[in-house]
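Data block below; observations after.
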């Protein structure tokens, strides 16, 4: 199923969830969609609907209220899927490490495949993150085929 | 007459504003706040940077003469650079790269 | 002899059996009566179909008794008028008495030869009336039991109900066989009586009120019919329908036809007389089904179809077209703002009747057969839909289509019957669409003076029709995640018998539409005209288009089989809907909201309040009245 | 068994927390009667990180960084408000040049924020190409940010007692030329917002906030300026605004369109203010080091892109603050938003919702 | 060329090519749109990657009926295309398209989801807004050719466009609605964010979405083909014209914001009706028919 994997890598649809970040990374994600960086070159669309998404793009740390939402969104995404965390606070808790309501990085709630550092992460980094995420996506797709 | 028409048609014939990023790497703007590296020759393990770091990205173990720096915690604010009296922290213009794992950068002093 | 037998089974037997129902109140006996009645009605109408038309003239005694009965009937209306203190009813009845009495006085001993004349149109109508009508009677057996259970009546009123139900069928048969206009008027009034009594059956305040409205509107029709009788007698000296039709279109006769058209509009609930049919929705559902599918409204359409050839190429025919077109469009638009299941059905009926009248008015052979096709399929589908709606109503205790949500999961059998019924109303390759297809072709080939107006009415009407059916359909097929395995619910045998037989009839004649059109519709229209049937009953052709019915059904079958195959092979995990990430585990139709409380989300159908009844009804009334005025003006000049 | 005409089952739908129109997680529960919204229940707290509490746990100097991360869009202003509060308590006199620089950078932040908002706003009414064009031009501002402080979003230049970075002549020239370029681009695009019939059809008369109700509902910022009330914290003359002859931009159509006009006006105004500040900026030091721990309380009110930002800081003479209370403009605008949304249809939700420029990250801290 | 080839093989070939050309056009559409927004945009083959990927995803459905109905959308679209290429009745084509739409709407109503319900309702409204225009266009074609059969267009000696320019333009509205482009993208849009998430597509995922997407291409191609038939004597010119209108619809997409359903209905009906009626009146007055 080579062609399937190729298609998978060529067409990652993104679900973006702001999980308690400061908006910095979110606007950079949007900026990545905007003309200057234009991630649609890689077939990336911000689809806004977990049921059709392949990539869950999370920004910000998980907190006691939204971890449930994050989990739910992750569950509603069909396989194959990858989770990319954008920003330092999403990866580890970052500057909010000692905020009482913050649980920490996103990886405490859902399995994370790619971490993108930065506060706020630059569009270039987000693109780099996507490239790694797509590698992971291809790997998962291959595994799925072999697993059958 | 729709106001957008001329803009749209003009964009159609002019070159796109896109930077083809992963293929064409743009020159980083001087002064970009990027990753830091420790010059362990200069560092005296004073822990100033650890204290000033807002996100606990730098951990200094003076006994083991070891510094752990996590680019995945770092805010790239360069407060540590400003606070370092020894000028032992060298800022880079390149930001930490995305990765599958949150690996730490570990700096060890050669002096024993 | 043959004819007398058929008249007896179709007209008198229902009356006798109805009286039997009134006398023998046992449930089992009633069931037996209805079963016999249904069987004999269907058998006799089929017999009629195979034997062909006949004429029949009763002797003087029968005629006299009909006259006396007629006066009794009018007297009863007068009594009703005084009882419900309705000036309109009293006035109209008095007018009626005056007209008929004067007529009988001045034209004493006028006799019509033949009094009953059964031609192909009558046979066609009789098939619809008897088959669909008797299915509705069977259905009513179960329905009325449930209905009275819900109302918790101490004493059953069913005998009365079934008496009128059967009388209705008998009167309807009489109506379509009559050649004597006086007889026609008599049966006309009998149907009015039955309609009135059935609407007020539940004796609620609303029922009484709406029944009164239905009464005066239909009495208007009766008076118009009497007026037509009057005019035609003075114009040609005869009150035989066939002579009137043959006499051609002299201006004075046009007036007679105009009165008939007016009478037909009241019965068929065209604008501005649509009020009574909507009001009639308070009656038990079999009544609505009967009114809509087989009897009452079809009487009006029948009359229009009957007079259509005679008014060909007159101004009157265009007025009829306009009334039909206007009603078709506006009721379809009105229907999209409705939430009551029976109201939507009622509007859809009026709309489709409008289309039939439009086609009848256009008066080309193709138009005539389009009208017949529509009439045929509409009767079956609408009967089915009303019966299904009644079953659902008795289960849900509500007519609001909001409460139909997820019917597919709750009552799969009824839901599927309803869904097929709905699809048959607005999607190909069912018969209604065949009729609409023909109607579109007819309209496109109508004269340039009127074609633009008709096209606009037609396109808006048919687009809104799609909208309101699909909207309702969408309510039914909601399938909450919980209910993944469907299990058919239990239905009473009369329900099952009537629903499934109509459903299969609908499917059967839709699949074999070509056959039925060639054998049923074409003979009615008259030789040589109308739609042609393509090679081995495969497709239906006109001079300007073709509809490959069987091929279409085949394609639909292939698509759905392939669809099921794909669904089967790919399978899938059933997942709760997307709710912004705040789903509640275990309850797919709830979400977490403020302070982590759980709230059920609801989606109601779009209501279109801005173009609802309140806004459009006055246009409907004004427009309808103006068009009626136009109708008479056109006759005058 | 009624006739089935009147019984209205209401439509109740959740809007968010994950919703493509709104990049931020906030949930609004809408209740409709027919197609009309009759009730809106906001459900917030998805971004709550308890920053105010964390401010009490941290060293007060480190809070500058934390406050900057309250909101990525108006990061500089949060930092500035916090620094001003601390400066007020500790009686630190900020050098003139630093005041000008802060003014310039906060106006730059406003430019960035308004451009961002305009893009999202038109995207919410389905005008994707305008969004793209606007965001292309927004890169000019981000480029300036990058050249100033080495980062596109987080300036991290404000510190207690002044600013950390200075501007040299080359950068000032860069600012001038970039802003001139931006102004040219805006001149090109603004007519689309202001005059396009399609945009007007979606915005005019939507989300009415009557002038006499603004104070009752406590709305702030461009939301009230769109209702004809010249309320703007910059008129208080903090930092260098007192030298800049500042007048708020006010429109009085009271609807979403009016609020958009206010923001477009403010984009031009910001460009103008930055240019004037660059002209007037004196030379001199940029940082006045302070050494005392804060003792006492201070209130700061500054004008964020979304309205009035309010900081209350109480120090007790240690390196930890006793209390840091932040009131953000979006929180103040939520009651107004709820009243605005009533009586609209589903399609009008995004433009009306975005017309107050909700910043949930600020609101929930 | 032998007759059976011309009358059977060619149409079948054309029918098979419909989804491919449709997908390619979607790719070109996205590329041009991107360039209009001064971006580079995805590769032209992007829509195919999307569909293949969707096909390979783990299937999530909302009920057993959903995939069947989604397939119904594709199937009926293809059937409508078949009616066109085999030169059958145009009214039949219209009914088939309506059936396809109802399948899609039914599939979206099938799940109990608020967004897909509102989206489905809006999809019905967009059907409501384009169906009258479509019927009128077809009736206009009848006026020009005196036949409802597609073959009638070909038996005409001169191009249909010369007789029915207004109808051709009005078909443009249908095209935009059908392509779910701004300003008529109320039920779902491909890119710009909707207040109702993905509208009618919200609850589709994996292969159901892929089928819907394919059906979408076929329907787009269907409208474009009808447009191409407006210059039936030389289909190359017809295709050029259709592509021109396709391009115009992309431009329109980029210069208008989304309308509300009321305005959409008003716009399509007033403009569509006026154009078509004016065209027809002119046709009658000039004695063309």
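Residue numbering begins at 1 within each chain, and the chains themselves are lettered A, B, C, D and E in the order written.
Here, contacts are C-beta pairs under 8 Å (C-beta built on N, C-alpha and C of every residue); 3 or more make two chains touch, one makes a residue touch a chain.
Since this is a predicted model, take the numbers as computed values, not measurements.
**Q** By that same contact rule, can you tell me which chains touch subunit B and subunit D alike?
**A** A, E
**Q** What chain lies farthest away from subunit B once each centre is taken as the mean of the Cα atoms?
**A** C
**Q** Among all chains, which one's averaged Cα position is nearest the averaged Cα position of every protein chain shown?
**A** E
**Q** Specify the chain most distant from subunit D by Cα centroid.
**A** C
**Q** Across the interfaces A-D and A-C, which one involves more C-beta pairs in contact?
**A** A-D
**Q** Between subunit C and subunit D, what's the gap in Å when you average each chain's C-alpha atoms?
**A** The mean C-alpha positions of subunit C and subunit D differ by 63 Å.
**Q** Could you tell me the distance, in whole angstrom, between the mean C-alpha positions of subunit D and subunit E?
**A** A distance of 43 Å separates the two centres.
**Q** Could you tell me the distance, in whole angstrom, between the mean C-alpha positions of subunit C and subunit E?
**A** For subunit C versus subunit E, the centre distance works out to 36 Å.
**Q** Calculate how many whole Å lie between the centre of subunit A and the centre of subunit B, each centre taken as the average of the chain's C-alpha atoms.
**A** Each chain reduced to its C-alpha mean, subunit A and subunit B end up 21 Å apart.
**Q** Give the residues of subunit A that touch two or more other chains, as numbers and ranges in rising order.
**A** Subunit A, residues with two or more chain partners: 17, 34-36, 38, 41, 46-51, 69, 73, 76, 89, 94-95, 119, 122.
**Q** Check each residue of subunit C and list the ones that touch at least two other chains.
**A** 575, 578-582, 601, 603, 606
**Q** Going by the touch rule set out above, which residues of subunit E reach two or more other chains?
**A** 34, 36-40, 58-60, 114-115, 118, 191, 193-194, 197, 202-203, 206, 254-256
**Q** Between which chains is there touch?
**A** A-B, A-C, A-D, A-E, B-D, B-E, C-D, C-E, D-E
**Q** State the interface residues of subunit C toward subunit D in the complex, per the touch definition above.
**A** Residues of subunit C touching subunit D: 150, 206, 281-282, 338-343, 393, 397-403, 579-582, 591, 593-595, 599-604, 606-607, 609, 613.
**Q** Which of the residues in subunit C come into contact with subunit A in the complex?
**A** Counting only subunit C, the residues touching subunit A are 575-576, 578, 580-583, 592.
**Q** For the complex, give me every residue of subunit D touching subunit E.
**A** 11, 13-15, 19-21, 122-133, 136, 196, 198-199, 201-202, 345-350
**Q** Over in the complex, which subunit D residues touch subunit A? Could you list them?
**A** It comes out as residues 17-20, 23-25, 45-51, 53-54, 57-58, 65-66, 69-73, 75, 116, 119-120, 131-133, 135-136, 138-139, 142, 151-154, 359-361.
**Q** Show me the residue ranges of subunit E that touch subunit B in the complex, using the header's touch definition.
**A** 32, 34-40, 251, 254-256
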